[in-house]
Amino acid sequence: MPTTHHKERKFVISVIGAGSCDKDIYGLAEEVGRLIAQKGGTLITGGLGGVMEAASKGAKEAGGITVGILPGFSKEDANSFVTIPVATGLSHARNIIVARSADAVIAVSGEYGTLSEIAIALKLAKPVIGIKTWENIEGVIKAGSAEEAVNRALQLIK
Amino acid sequence: MPTTHHKERKFVISVIGAGSCDKDIYGLAEEVGRLIAQKGGTLITGGLGGVMEAASKGAKEAGGITVGILPGFSKEDANSFVTIPVATGLSHARNIIVARSADAVIAVSGEYGTLSEIAIALKLAKPVIGIKTWENIEGVIKAGSAEEAVNRALQLIK
Amino acid sequence: MPTTHHKERKFVISVIGAGSCDKDIYGLAEEVGRLIAQKGGTLITGGLGGVMEAASKGAKEAGGITVGILPGFSKEDANSFVTIPVATGLSHARNIIVARSADAVIAVSGEYGTLSEIAIALKLAKPVIGIKTWENIEGVIKAGSAEEAVNRALQLIK
Amino acid sequence: MPTTHHKERKFVISVIGAGSCDKDIYGLAEEVGRLIAQKGGTLITGGLGGVMEAASKGAKEAGGITVGILPGFSKEDANSFVTIPVATGLSHARNIIVARSADAVIAVSGEYGTLSEIAIALKLAKPVIGIKTWENIEGVIKAGSAEEAVNRALQLIK
C-alpha cells in the first residue's frame, strides 16, 4: 500500500567532495548528510568513499534515502550507506548528473573533481554552498558549519 | 532512525518500453511494477510516460521505491509515480544507465529505443525478459505474463 | 593556406561492427572504408579493432579522414588507421555518438553492441545499411556487398 | 592515395571558452587557432560560437583540421569553420570529451562552463594554459598572449 511520504516528492541535495578525506572533514560531511535526512530531503552523492561515504552514512543513519551516482559499471562499487546505487559507467561525466539532479549542491572540501561539479552546478543556476572548499569562485555561498550549509541550501531551494 | 529495510540493499529491476502505449500494455507494465515492489525490489525506469509510467505507478502504489533516469535536465519531467528522479541531461545515453543499474531488465512492448536498451543489457550480460516485445533477439527470455516475467527475473538474479 | 576540400563539409558515414572478426569480414569492412573515402566521405568508427580497424584501414589508405570515437580515456587506444581519435571515457555510451554524428550508418556483421547502435541509429531516423548483420530488424536495409552498401547509403543521405 | 601527414598522428590541442565573446577575445582565440594549425596540430573545440568559432576559423584558414564536439544532436549546429563535427547529444557532458581528447588545453576567457572544463582537464593531469581566464586556480599556467599559450602547450605535451 502507498505510504504518505511518497505522495509529494522530497527535496534533493547533492553533497560533493573528494573520495578520501581526513577525520574532521568526514565528520563534517556526515553531519551535513544527517541534517539533510532529518529535514526530510533525499541525498545524492557520487556514491564512493570519503565525503561521499560520510554524507551517505549520516543520512542513512537518520533514516534517509541515499542515492549514489557511480562512475563505474557495478553497483557493488557503492559505499555501504548508499540505498539506491545508480551505475552510470560514464566515469567523470557522472559528476554532471550529480549536479543536475539536485535542488541545491553542498561542497565539502574537495579538489579538481569537486571544482568541476561546482562549476557545472553554477552554470545550471543551482544554489551552491561551500564548506572548506574552493575559495574565490564567484557564486559559491560560503558556510562555516554543516548546519549553516544545510539551512542556506533550504532557504535557496525554490 | 534507520529502518530495517535499509540494512541490505534491495534487488533492482529495470522496466523498459515505449513512452506511449495502449491500455493493455499499460496494464501489463503496471502489473510488472506492482510485482517488483511486492517482492521487495527497487524499480528503475526511464522516468517518462507509457510503459515507464505504468510500471512506476504499479510499484509506487505497492509501496515501492521508483527511480526515474530521465533524458532531460529537469526532475519535473518525471511522471508523478517516480519517487527518485535522476536528471541526466544525456538524452538517449540515459538508456545505458537504466540497463547498467539493474540486476535484471524486463522489456514490455517497445520500439527502437527499447531495442537499444535490450541490446546493451545483453552486452552487459544482464538477464533480459521480454513481454510482447522484439522477437528473435537471441538471449531475450520470452514471458507470457507479468507474473512469469518477474518470477523469471528473480530466478536469474544472482 | 586553406585547401579546397575544407570549404564544404564532407558527408559522414559511420561503420559499426564487432571489435574482432574473421578475415572475410575484415576484407569486407576494409572495402566499405575504402569506398567511403574514394567517394569523398569522412569515416567514423568506434576506433578499436576488428571491423572498426578494417574500415579505418581502407579509408585511410585511400586518403580519407578517419575519426575514432573511443570508449576509453586514451587516444592511444585507437587503431593505427584512425587519424582523428576522440577519447570519450564513456564506454558503451560512445556508441550513441557514433550513430548521432553520421549521415548514414553501415553495419558489418556484429553482435549486441552493434545491435544497440543499429537501434539508436534507427531511432534517430538515420539510414542504416546492413551487411551480414542482424536480420529481421525492421528498418535495416540489407546489402550484399560493400559497393552496394556504400551506394545505398549515398542515395539515402539527403 | 595515402598522404604523408596521416602517417603519424598529429598533436591535439583543445581551445575552450565561452560561446559568445567580444572582438578582442575573438581575435585572441583566432590567433591561438591559427598557431595550432601552423605548428601542425589538430584543433578541438566545443564547435559552437564565440571562442570556439574564433579558434576554428584561425585553424581552418591556416589549413588545419578542426574538430567540433557538439552538445546537441545535429552536425548543423557546428560553426562553419568546423571540418569534423561530432554530434554527441550529451549537452554539458561533451565538455569532458573536449578535455579528454586533448594533449593540452588552452582556455581563452570563459565562464562557468569553461571552469568545469579546466577542472576536468586538471583532474586528468592535462596541461592547462589560460589566457584572460579564471584566476587563482592552482595548476592553470597563465599566458599573456596567443603565442605564449601555444608555445607553453607544445613544451608541455609529452
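Quick notes on this structure:
Chains: A, B, C and D, in written order; residue numbering restarts at 1 for each.
Keep in mind that, in the parts below, a residue touches a chain if its C-beta (ideal position, glycine included) is under 8 Å from a C-beta of that chain, and two chains touch if they have at least 3 such contacts.
Predicted model only: the values in this text are computed from it and were never measured.
Between the interfaces B-C and C-D, more contacting C-beta pairs are found at C-D. When chain centres are set by their Cα atoms, the one at the greatest distance from chain C is A.
For the pair chain B and chain C, the distance between C-alpha centroids works out to 31 Å.
Rounded to whole angstrom, the centroid-to-centroid distance between chain B and chain D, based on C-alpha atoms, equals 40 Å. The geometric centre of chain C is 25 Å away from that of chain D, both derived from CA atoms. Under the contact definition stated at the top, the residues of chain D that touch 2 or more other chains are 73, 89-90, 92-93, 96, 124. Every residue of chain A that touches chain B in the complex is listed here, in rising order: 1-3, 6, 9, 12, 42, 44, 60-63, 65, 67, 69, 73, 75, 82-90, 93, 96-97, 100-101, 124. The touching residues of chain A, counted against chain D in their complex, run 90, 92-93, 96, 111-113, 115-117, 119-120, 122-124, 135-137, 139. Residue ranges on chain C touching chain A, taken from their complex, read 73, 89-93.
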